[in-house]
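What follows are several structures.
First chain A sits with chain B, and in the next complex the same chain sits with chain C.
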Partner chain A sequence: TCRVSMSLAEIRAAFTAIKANIQARDPIRTLSILSHPHSLHKVKSADRCCITHQLLTFYVDKVFKHCRTEDSFVNRKISSIANSFLSARRRLGQCHEQNNCMCGEESTEKFKQILANYEELNVTSAAMKSLGELDILLDWMDKSR
Partner chain B sequence: LPAPQSISILSTNMKHFLTWSPVIVQGATVRYSVEFQGEYEREYTNGSWIPISECSLTTATLCNITEDISATVAYKLRVRAQLGATSSPWATTKGFFSPAMTSLTPPELRVVADGHHVLVELADMGSSFQFRVLYWRKGQESRVQQKVMKGLSSVVHLDTVEAGAEYCVKAQTHVEAINRSSSFSPTQCVRAQGDTSMWLVTAL
Partner chain C sequence: SGELYCSLPNPRNVRFESVNMKNVLHWLAPEGTGDGVLYKVKYAVYGVGKWIRKPECRNINRTWCDLSSETSDYEEQYYASVKAFLNGTCSDWMETTRFNPLTDTKIDPPMVSVSSTDRSISIILTAPEKWKGSPEEDSISLLQVYPGLQYNVSVLNKKTKKRWLFSISNNTLVVPWLEPGTAYCVSAQIHVTTPLLDSGFSKEYCITTLKDK
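What follows is the complex of A and B.
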């Protein structure tokens, strides 16, 4: 199994500091990227490692870079979170290469759904909404430890 | 306007500071601005730099970068001088800095014999730290016991012993995020008294 130390408390503190600002930039409250149609909490434990790796990659590749704002404080916190995700993704990637983090059908399906939700919106709105839902991911990662 | 010189990073116990030499312009107040760049910025946002507002147009030659240098990735930092509308070239750190490069010092501890009880008091190091405390009865060095606890300030009960027994204690810090530990503190020994409380510390 893969055990990656990730200071969730620090990431959560950085996100909490900008959550209201980020969520205020997301006008579409009726849609969810991470929780539609099923919550992350339904993912089987065997698939958790792979979903975590996919979601870290999703945020690093598709989300953070489209969230730059005019607010330097917000940008600093996003950088702190993004670099922490990059570091964790690298370590999980090493696990993935050693076949300890395999993707089952369920996690593949779940991740396809997240990408589909993301692609329904324009890039900036999708990225801002995804960043605004980071606590959903952090809660799930906390519980899955 | 020349760029600041001797730019370096001082990092101890996960607290990181950027320092540089002042730029001297007779009769004028020179100010400085600091920016940082993490691995994410190099790989995903075309090497963009992020200003640290607390160190923008500052007259200090020191900047606390701890809050921003928070992930275990490679960072670069830069600083420039500013005088009115004139800015110097940027001075950029040579090589990269990562929190994993911080120097870790042993924890400050105080060992107390409170009647039959051996207690240890540890100074707060912050939530990213753990303390690893080793303790043993003097003369029984092969039977060392261990307690691991959060790095927040605490008084910990180590053992209940009979009067006259002498106990020795040493401790180190550990930071899980960088998977590194400090060296051990000097060993401190105390002798358990009867019922009266005794603060007796013998440093070896």
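What follows is the complex of A and C.
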């Protein structure tokens, strides 16, 4: 299986610094991108690598680029998180190409639900909500290390 | 109740205060209102549609409400909200920010027990337990909640005032090569790297090594 080192503590620190600012931009309480109806915490260990790879790609391709704000401090933190995701995705991608990070039916289904949640909102709202849920992703990554 | 138009000032600073995942909603009374204000409370799981009323916190005059059992699943995140009532009028609902029990709780210091020989002291540390609703419930150590939990331990030689600091992952520490018949004071802190959470240091536990045989 793939083992990719990712400085979760650094990403956490960057996110914690902007969490209140980002979450305040998301007024919708009734929809979650990552945690409902399926919780990341219910992902089987066999699917973890694939889901991680899909989520890193999701954040790089569909979230960070749509989260520019008027606050340069927030923007700097977002780009430092994005860079961490980019390098982790690159390393995980290599592993994926060597067929060590296979996607089963369940993880494909779960990721489809995440995309469906994302597409319920306009791009900016969906991206900002996804960014505000980074602690949900990091909590899951922490737990499943 | 006939809440036609809410003209009462709003409750202020509505927020969760959490220690070891005992999650209590706190707020300040609306500005300029004396006694007699009553409140009601509701909460919601983030990502799920509906608000849920908290019956035990309906028409209360205190400014806190224990939502620990309603927010005990730390894989979820929550909002809570408070509304004030006085003389037939009311305030708006005032919401918290999104509450994540895992990252937004504070952790108490560990329990410390110390024993000594003539040239060493042994320290045993115990992480606090997660809040639980009743004594019959199974205890969950915060060590299970935060697998990366570590301890920072401070050992002070009372005579020379020399201090050592240790960072350990398991919960026992033996400090060797000490001076016989000397007082040492131990204090410990919990450190979680991710999410970043530090407890305060425990109070000092002092012990004197046995005299030389």
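Methods note: the second predicted complex is superposed on the first by the 145 of 145 C-alpha atoms of A that agree within 3 Å, B and C clash if a C-alpha of one lies under 4 Å from a C-alpha of the other, contacts with A are read in each partner's own complex, and residues count from 1 in each chain.
By our rule, a residue touches a chain if its C-beta (ideal position, glycine included) is under 8 Å from a C-beta of that chain, and two chains touch if they have at least 3 such contacts.
Everything numeric here is computed off the predicted structure, so don't read it as measured data.
S.K.: Just from the overlay, do chain B and chain C fit on chain A, or is there a clash?
M.R.: Verdict on chain A: chain B and chain C fit.
S.K.: Should A:M102 be classified as contacting the first partner (chain B), the second (chain C), both, or neither?
M.R.: It touches nothing on chain B or chain C.
S.K.: Contacts for A:D142 in the overlay, against chain B (first) and chain C (second): which applies, first, second, both or neither?
M.R.: In the superposed model, A:D142 contacts chain C only, not chain B.
S.K.: I'd like to know which partner A:S79 touches here: chain B for first, chain C for second, both or neither.
M.R.: Touch partner of A:S79: chain B, not chain C.
S.K.: Is A:A9 touching the first partner chain B, the second partner chain C, both, or neither of them?
M.R.: both
S.K.: Look at A:K65 in the shared chain and tell me whether it touches chain B only, chain C only, both, or neither; answer first, second, both or neither.
M.R.: first
S.K.: Considering only the touch criterion stated at the top, classify A:S39 as touching first (chain B), second (chain C), both, or neither.
M.R.: second
S.K.: Please indicate which partner A:A116 is in contact with in the superposed arrangement: first for chain B, second for chain C, both, or neither.
M.R.: Once the two structures are laid over each other on A, A:A116 reaches no partner at all.
S.K.: Can you work out, in whole Å, how close the C-alpha atoms of chain B and chain C get once everything is superposed?
M.R.: Minimum over all C-alpha pairs of chain B and chain C: 6 Å.
S.K.: Of the residues on chain A, which ones does chain B touch that chain C also touches?
M.R.: On chain A, the overlap between the chain B and chain C contacts is residues 9.
S.K.: How about chain A: which of its residues touch chain C in the complex?
M.R.: Residues 8-9, 12-13, 16, 20, 23-24, 29-32, 35-36, 39, 41, 132, 135-136, 138-139, 142-143, 145 of chain A touch chain C in their complex.
S.K.: For the complex, which residues does chain A have touching chain B?
M.R.: Against chain B, the touching part of chain A is residues 5, 7, 9-10, 14, 60-61, 64-65, 68, 72-73, 75-76, 79-80, 82-87.
S.K.: Please output the residues of chain C touching chain A within their complex, sorted ascending.
M.R.: 44, 46-49, 75-77, 79, 97-98, 100, 102-103, 147-148, 193-196
S.K.: Under the stated contact criterion, what part of chain B meets chain A in this complex?
M.R.: Chain B reaches chain A through residues 36, 38-41, 43-45, 50-53, 67-68, 70-73, 75, 127-128, 176-177, 179.
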